[in-house]
Amino acid sequence: MNGVFWVLLIGVGLAAPYLVYPVFAMKLLCFALFACAFNLLLGYTGLLSFGHAAFFGGAAYITGHVIKVMHMDPLIGILAGTLFAMVLGAIFGALAIRRQGIYFAMITLALAQIIFFLALKLPFTGGENGLQGIPRGHMLGFIDLNDPVAIYYVVFAIFMIGFLIIYRTIHSPFGQILTAIRENEPRARSLGYNVERFKLIAFVISATLAGTAGATKSIIFQFASLTDVHWQMSGEVVLMTLLGGMGTLFGPVAGAAVVITMQDELASFGSWVQVAIGAIFVVCVLIFRRGFVGELARLLKAKSS
Amino acid sequence: MSDAILQARGLSKKFAGFTAVDNMDLDVERGSIHALIGPNGAGKTTVFNMLTRFIASTSGSIVYDGTDITRHSPTAVANRGMVRSFQISAIFPHLSVLDNVRVALQQHLGLSYHFWRSSRVLESLNDRAMALLEEVGLAEFADVISVELAYGRKRALEIATTLALDPRLMLLDEPTQGMSSEDVGKVTALIQQVSAKRTILMVEHNLKVVESLADKITVLNRGEILAEGPYAEVSRDPAVRQAYMGTEDV
Amino acid sequence: MSELLRIENLNAWYGESHILHGVNLSVNRGEVVTLLGRNGAGRTTTLKSILGLVDKRTGSIQVDGKEIIKQPTHKIARLGMLGYCPEERGIFSRLNVDENLNLPPRLSDDGMSVDEIYSMFPNLAERRRSLGTQLSGGEQQMLAMARVLRTGAKLLLLDEITEGLAPVIVQALGNTIRQIKERGLTIVLVEQNFHFAAPLADRHYIIEHGEVAEVIEASEAKAKKERINQFLSV
Amino acid sequence: MSLNAILAQTMLGLSTGVFYAMLSLGLAIIFGLLNVINFAHGALYMLGAFVALIGYSYLGPWLGFEDYHMGFWTALIVAPLVVGGFGMLIERFLLRRLYAFDHIYGLLLTFGIALILQGILSNYFNISGTAYPAQPDVLNGIVNLGFMYFPKYRLFAIVFSIVVCLATWFVIERTTLGAVLRAGVENPKLVEAFGINVPRMVTLTFGFGVALAALAGVLAAPIYSVSPLMGADLIITVFAVVVIGGMGSILGAIVTGLGLGLVQGLTQALYPPAANTVIFFIMVVVLLIRPAGLFGKEA
Amino acid sequence: ADPASNGSVKIGVLSDMSGVYKAIEGPGAVTAAKMAAEDFGGKVLGAPIEIVSADHQNKADVASSVARKWIDRDHVDMLVGMDNSAVGLAVQGLASEKNTITINTGAGSSELTESQCSKYGIHYVYDTYALPVGTATAMVKNGGKKWFFITADYAFGHSLRDNTSRVVEDLGGEVLGSIEAPLSTTDFSSYLLQASGSGADVIGLANAGGDTVNSIKQANSFGIVERGQKLAGMLVFLTDIKALGLDTAKGLEFTTAFYWDRNDESRKWSQRFFEKHGAMPTMVQAGVYSGVTHYLEAIKAAGSDDAKAVRAELGNMTLNDFFVQNGKIEANGLMSHDMYLAQVKTPDESKSDWDLLNIVSTIPAEKAYIAQSDSACPLLK
């Protein structure tokens, strides 16, 4: 079944700018990458981080600053944002990784709140107004990112690279140990695995790719703002992941697509959107607990057996 | 002087005002099967936890194979070849039986941090894993998801994963607990078999098992050593009979 | 002698898996019966089915003439005056020893007093204020046993109570069972340890593949030794 | 700062702290006893305040009694009952289906419920708040505490909340009922096998935790304005309080709630921009030193 | 060819439909825009007028992504609304780059027409420069010489505080200090007590919406006003007075661009609005109607909906209607017009539900708004 998904993903991905509004497609890819990065942690390592907005938004600010104020190439901007997220991920990870379950979630939340505070207070972020008007510029000097189709394919390439890294990580010797840790941590420890180090590496990879997503977002929207570092952003990515199906490779992509589309399509209904989103959650949690992709996989499995 | 693979000196553990293990010395001889017995709450599991560094000792020192490991992490201890089992069965429930063993074997491959490699590199471990399963009689269950195994087989699987690390010292906490007598016999034989090239330290309440396996027995009572020696000797000790074995014969 | 527990054609399921296939047994007031069998034979499941702790069950379970198979779990204990000591002990880690002991509601006035219990299990008396998880494996086992004795239950369902206990304690426990039997309590005992069970029991039920494979009266136990060994491979 | 100023800030901190304490107490009960992370707690607090407001301003006309206004004291009883009842329905018909699964589903479900409640009320009420006009006359006015002038009503709210918190603590930690509740969390099946109706107990407990939130909502109505988002702003902070205190620790929730109110009060005096963030700084530090929180027991 | 590009004139109302500014602008703004389109006859230059709307959720990125989509894909010709300064700045920048007119009716930041001014951005109702002029002047003249601020800790609050300080100091008053309170604080008592302890005559509230409401309410409960200090709300909307109740708010003075009960014309329009919306209009909602109407008139005058031509027409008009007196849209996008100093009635004075304010005086446009010569807008250089 995964084969079908791969074909679908790449096919739709390549055709997208001719099918839908390119900015929408790019936004979707950005959040899909964010959700996939998050899923590496939640779905495959069993760690619920409630502070991923710090990586996403933090990277967005750094990228924006590097491009707008330091006038660097967009690619350098994205790399700078990604690197920042990686370092931040290492710091968060070092502080939080020894904690379990809800404590882990809360300590990442607290750290992310501190990043939020910094984003509000530091002079270069533009405070409440955010970092606006980030120029798209020319990547590597020749790819004109102001051309909607060109920028779309750049974003698609970034997404695919990120997605492949995640795929590889899950299906690697390293991923095998992550699964073992999730299954029975004390036993993994007693077999001589340094559980903390495995979790930390997974955390850093996840943070880094979340950063890549945020960095890319700031170029697409030419914008980095407090929304990107707000705890609700951390919440949103949890939702995307769960809706699509945590611990499934393609689930987060589907989840991101659903959430983003919903936000987009329902934008004119005011508070009723909130009510609708709330109701969808309730229904999903009660009925589609495995997420869309998870449920689909189960159905197909049930049929084949 | 005898050749001790593990030496503990003055080992103590205090829990908030309660002394679980009190100034205990323990020598485990290389190549032997050593049993730790004693009444409930005597501190056996606590000793195990301290030796494998799962909990920190309040005082005392532990020397394993010539190295002082008193401050090492549980991981470091395991990597030096001192591996434990748990009082409750410890497997990776949703992995297949084969994968359970492979996870342990992978430890020696040195690729475990390689998140950029395909997991296909692990297929080289299959033969070794099957051999181990063969050894504990689980070869035919290799593809079964391990939760689905019966209790006794889970214990066997656990022993197989422990063996995969090629440990020099195995610590087994009540390996036969909860098994029917049929399985007890099998596991006893298994322990006997794997002890050939290894040292084993075990906690066990089943005196039959202890009698048939142990070269040396340490009886713990209220955190202190009550008696030490071979089974025949210890089982005649009136203090041991009173504190542990009771009046009747087993 | 009146019949206290009667089980007819009991079937039980965990999810999709059908574990018990028509168990029949009957226990008279004041008797001790044991359920023997290999690992996974379905002995624990039989006890759990009586209490409604399986996902689905059919057949008939009567305690003192009352049909309880349709009742929800929390009513069964009260209706049948049941006391249950589970295999995995079920000590509450966030409660201390005292609280664990006092947790189950009293079912009748015949229960042992807390003082009686502590004199029976001095280990526990010493650790009254310790939390459940801080007890050693064996201490937890004692506490689980002590807990049912306090409630004044008339019918005790005891699952592998000698597991993980030092031989001295096992012997003490044997005496305890004898004492409570003298008080007129009825006991269903799941055991691996035939040496422990044999002298206590009035009757043995051997369970195999979710069915009663053999019923052996205590008087026949010696004679049927072979048969028992064959089932249990002692 | 002068001594008077410090005392004054302490009083103010306390008056924030009691709300943290009441809310985190409810959350701690629900988490500690049911293992549910109730994201709807803030929304239910808000609902409590709205029951009071609607009871005063709209209920009479709706029912055809133009002159009926539900008073504050009545609201103090009615709101917890109504909202608690609503909570019990949520538990009985929705949450109950999720106990078998990961905690995260309970969190998501309650998050969804919070969105629904806030969304609905946002459609009918002003988001920046509506005044609750029914503060009782006896509590109007200001007392001179020597070092400051303090509204009588806030004094009442402080004393009342502390009494409620301590009573709750006593019941849960010191009575058999409490022990049954704690045991029910750990192994509901077994407790049921002892003859206790665990599902009903769980429903009641959830209702009680929610009722505490509603009670806090009614108490808050005269102080702050009643707004559909009043709980959304608070919930994350209250989560932090519960975590700092130690998830599930009843005493921890109360003491930490009061304590952090004080800390926040002092921050407001010393470095106001950090007032909303200081709790998270403290949380990071506390969890690094005491991983299970100040009063939590290590697992 | 067709004078209206793409066959219709599309106006997008981008507003907070679910958050804190909902009552100030929100659905009421959509109602107002629709009224304007209808009153205009539903057509301009023969092309139908369409109104679309969306919720920006107070998030600048949501706002800019909606704006981008509207402009790129849906061919929206003009955007109106955009309460919240961050949203306003983001959308204005983006729209101008894409040659689209924005009429900002909701946001306060004077940045919109200062350093971040843009070719097609118009700031219509009020700004942080204009707000303090009337209020602070009146209060200083009545003896409120010493001021202390409680400032919402973000760009809008800072700018409001700085502008007010300037007015106070120009008139010989003194600013004793300021506390930066985080946005959306629920309990202001600590700040109020510190402000009160400073010995100031006036506590200036450089904040908005819920923050203003809560600070006034809590000041009242601590008896601060009773003991002789005054409060000055720098930005107060009609809905805030509703939220506070007259009992609490009575006597409060503030500057506003519009009050429904000011004259016959405003009453007549507001009454119509009330019938559709169920509440009297805020200055922002009235501004939306006025802004849309003038935009449509400019299209008619220009004979095309091309942004450049329309913008030029708008610059040439003098705006006068029920909402605006002596309005002029300057080159930097600022619509300068008369403002009013209002005072909240006591409960006894108030005769009906919405009878809330007295208009104390009119502040002429040239005093209320910054002179073009002083503007920092790069377009003017």
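Here the chain labels run A, B, C, D and E in written order, and each chain numbers its own residues starting at 1.
The rule is short, and it goes like this: a contact is a pair of C-beta atoms (placed from the backbone, for glycine too) under 8 Å apart; a residue touches a chain by one contact, two chains touch by 3 or more.
What you are looking at is a predicted structure, and each value in this text was computed from that prediction instead of being measured.
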In this assembly, which chains make contact with subunit D and also with subunit E?
-> A
Name the chain whose C-alpha centroid is farthest from the C-alpha centroid of subunit B.
-> E
Intercentroid distance (Cα basis), subunit E paired with subunit A, Å | 37
Once you find the CA centre of subunit A and the CA centre of subunit D, what distance in Å lies between them?
-> 33
State, to the nearest whole Å, the distance from the C-alpha centre of subunit B to the C-alpha centre of subunit D.
-> 49
What is the distance, in whole Å, between the centres of subunit A and subunit B, each centre taken as the mean of its C-alpha atoms?
-> 43
Would you pick out the residues of subunit A that each touch at least 2 other chains?
-> 270-271, 273-274
Counting only residues that touch at least 2 other chains, which ones in subunit B make the list?
-> none
Could you list the positions in subunit E whose residues touch two or more of the other chains?
-> 18, 22, 153
Looking at the whole structure, which two-chain pairs count as touching?
-> A-B, A-D, A-E, B-C, C-D, D-E
State the interface residues of subunit D toward subunit A in the complex, per the touch definition above.
-> 37, 94, 97-98, 101, 103-105, 108-109, 111-120, 122-123, 236, 239-240, 243, 247, 273-274, 276-277, 280-281, 283-284, 287-288, 291-293, 299
List of subunit A residues in touch with subunit E within their complex = 21, 23-24, 27, 120, 127-130, 132-133, 221-223, 225, 227-228, 263-264, 267-271, 273-274
For subunit D, which residues are in contact with subunit E within the complex?
-> 5, 8-9, 12-13, 15-16, 119, 122, 126-131, 133, 142, 148-151, 153-154, 223-225, 227, 229-230, 233-234, 265, 268-269, 272-273, 275-276
Spell out the residues on subunit C that touch subunit B in their complex, using ranges where they run on.
-> 37-40, 123, 127, 130, 134-139, 141-142, 160, 163-172, 192, 194-195, 232-234
Per the touch rule above, subunit C residues touching subunit D in the complex are 51-53, 72-78, 82, 84, 86, 90, 92-95, 99-100, 102-105, 107, 131, 151
